[in-house]
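See structure below.
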Amino acid sequence: MYTVSVRSHVMIAHSFRGELFGPAQRLHGATYVVDVEFRRPELGAEGVVIDIGRASDALGEVLGQISYRNLDEVPAFTGKNTTTEFLSRFVFDQIAARLRSGALGSGSKDVTALRVTLHESHVASASFEGPL
Amino acid sequence: MYTVSVRSHVMIAHSFRGELFGPAQRLHGATYVVDVEFRRPELGAEGVVIDIGRASDALGEVLGQISYRNLDEVPAFTGKNTTTEFLSRFVFDQIAARLRSGALGSGSKDVTALRVTLHESHVASASFEGPL
Amino acid sequence: MYTVSVRSHVMIAHSFRGELFGPAQRLHGATYVVDVEFRRPELGAEGVVIDIGRASDALGEVLGQISYRNLDEVPAFTGKNTTTEFLSRFVFDQIAARLRSGALGSGSKDVTALRVTLHESHVASASFEGPL
Amino acid sequence: MYTVSVRSHVMIAHSFRGELFGPAQRLHGATYVVDVEFRRPELGAEGVVIDIGRASDALGEVLGQISYRNLDEVPAFTGKNTTTEFLSRFVFDQIAARLRSGALGSGSKDVTALRVTLHESHVASASFEGPL
Amino acid sequence: MYTVSVRSHVMIAHSFRGELFGPAQRLHGATYVVDVEFRRPELGAEGVVIDIGRASDALGEVLGQISYRNLDEVPAFTGKNTTTEFLSRFVFDQIAARLRSGALGSGSKDVTALRVTLHESHVASASFEGPL
Amino acid sequence: MYTVSVRSHVMIAHSFRGELFGPAQRLHGATYVVDVEFRRPELGAEGVVIDIGRASDALGEVLGQISYRNLDEVPAFTGKNTTTEFLSRFVFDQIAARLRSGALGSGSKDVTALRVTLHESHVASASFEGPL
């Protein structure tokens, strides 16, 4: 199995609901350094999993939807705790949709699995992975 | 599959038995930077894999058992080479036991797999992973 | 010249005023991974620049003042852009005050300079340094 | 499952054929920071997956074949795009052959899977993994 | 003294002349992960050292001159060994010229010093620093 | 001012004397990831600060003196707390002596300053720097 990984980042504000979160129930924020891993059993004719330039552009486009935003006010997230886990799944679903539509060019539909990891600090991260 | 990862570290002394180890047969030591990854197929009500605060506390508690110790003198390790691999398994078993007892709070028993990685330098690491 | 460095992190929300900031004028947030370097020309009797445990505690105490907060609502920052540069200076001043009062124990008053660096992502950071 | 990972690096020149690659069709180069992960279900008598010294030596030997070379002129790669993905597979195959011949010593034939990752920058990497 | 740092990278081919360089006399290449630190004694009205967006753009523009190139064929470098040290100075001079011309916007002429670091692997780097 | 930096690591055991050290008074150990920065105002004829291969060899030779050792039993350190600060100075002095004797080849005597940093974990480090 081959994997290609690209990295970008995004800075957001949000708050959590639930006693579990302690002081993180207050409005605060995070920088997420985001890795997306694209998996494919065989390489295409050019010898790549996917066009890394298009992969980076797609990640930038997805993160652009939440970049410099207060996630508490994003309609799509109403009633949700936008935890690192939740946002990993959000990025996964958005990249997966772009792959299914062929938007990442040749090889888009040959990617069989994705893993998205959000690093929230030097000591904690979360990820979501699954087949496509 | 969702994953949450927490990081801490521990500093220990030990020595190894066996010609394989060359100069590491002498009493020496290591800093291990330790990552524990908790895996769970679905998120709980709060939108998390597990309470990250409790996960960090549990890791601190486990590492506290060996912190600033000469592992050659720890009764539980008598007759064992406390290699990076061996210690990855030790941390795995200790965290797994805490999950099974529910000590990490809501979600403790929903974690289906763990991966523990010990980084012994900028060029080497070992890990143990498995289902719970 | 000897230096000792300790690291911690903090997660905050804020917004900036000024066209320069583009989309960062909106309420957003950041994780800052914070390094504090303590400089001293000669070591004390124990062979250290400063008690690293107390240094970490002091850093935790300083970051605790802004942790999980919306900095736009912190009275001490009213009318200020809480940029990465500004916050580096804030941490510097707070640690410097604790050194001057002797709060970091033996050696507090022998530290002659500090450098505080806030990493806001994997590609950007800011710092403030100066003599005490 | 146990894993042991070793890291080294290599610096090469090459060019790519195909419009997909844009400016990378020109002769350019890369530093690859290379991680090889060796997986084994149970530890050997000494408590290790494999002799880490021999693993590092094997990686050095494999990378030595391409180190400080223009890959466009390496006969084994004629007609191939030596992408990061392709080179991950090259290193995988070379290490796998050494394991099968027993060249990494005790445990060589007990390693059941490998993952090779080449980091080409702070924002991109590729890997190849598979059973042995 | 305040510092702001931005990071990017570039991939190039080149060769060195001189026995000192051993196998690096052959055509090979490198990924350089490049940090540029901008220093300024006091912050401007907005609370920043310099517009970080413009700083990143300037770094991209400078690296674009050598990106995906064989430096042995770049006229400006004829007769030079394009070592990591030499290229650090090249980036320094190019950024300095843009600051002197005011091309980085408000604060361009208030930056009093620069440090440029090129990381060529996980174990080696070079830098050039100086006043403006 | 030009700087070249090389990295290696060493694993040792030791204990500290003094209540300040709390549990670190017990025999324990550390991995130190060691960076040595060589500074020189102008480059030599080849375009380098110093031969990076010889610099790495010299660092390996210095660390070899303490590698896989219990520092409590090293005669040269009798009566000393071998803190991270102390060991930074030890490495500095050893590299400085090699530079003064010309052992690092052409440019040895043109290096005007050194900085040695020992990273003891992902959250703490110490360094010693000075002119030669």
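Letters A, B, C, D, E and F mark the chains in the order given here, with residues in each chain numbered from 1 onward.
Criterion: a residue touches a chain if its C-beta (ideal position, glycine included) is under 8 Å from a C-beta of that chain, and two chains touch if they have at least 3 such contacts.
Here the structure is a predicted model, which is why all the values come from computation and not from measurement.
Minimum number of contact steps separating chain A from chain D: 1.
Taken over every residue number at the interface, the positions common to chain B and chain F amount to over half, indicating a same-residue contact.
Between chain D and chain F, the superposing rotation on Cα atoms measures out at 180°, rounded to the nearest 5. Inter-chain spacing, taken between the CA centroids of chain A and chain B, is 27 Å. In chain F, the residues that reach two or more other chains under the touch definition are 7, 122-123.
Against chain A, in their complex, chain B makes its touches with residues 1-8, 43, 45-49, 51-53, 56, 105-106.
For chain B in complex with chain F, the touching residues are 7, 9, 11-14, 23-24, 26-33, 67-70, 120-123.
Listed in rising order, the residues of chain B touching chain D in the complex are 16, 18, 20-22, 80-86, 88-89, 117, 122-130.
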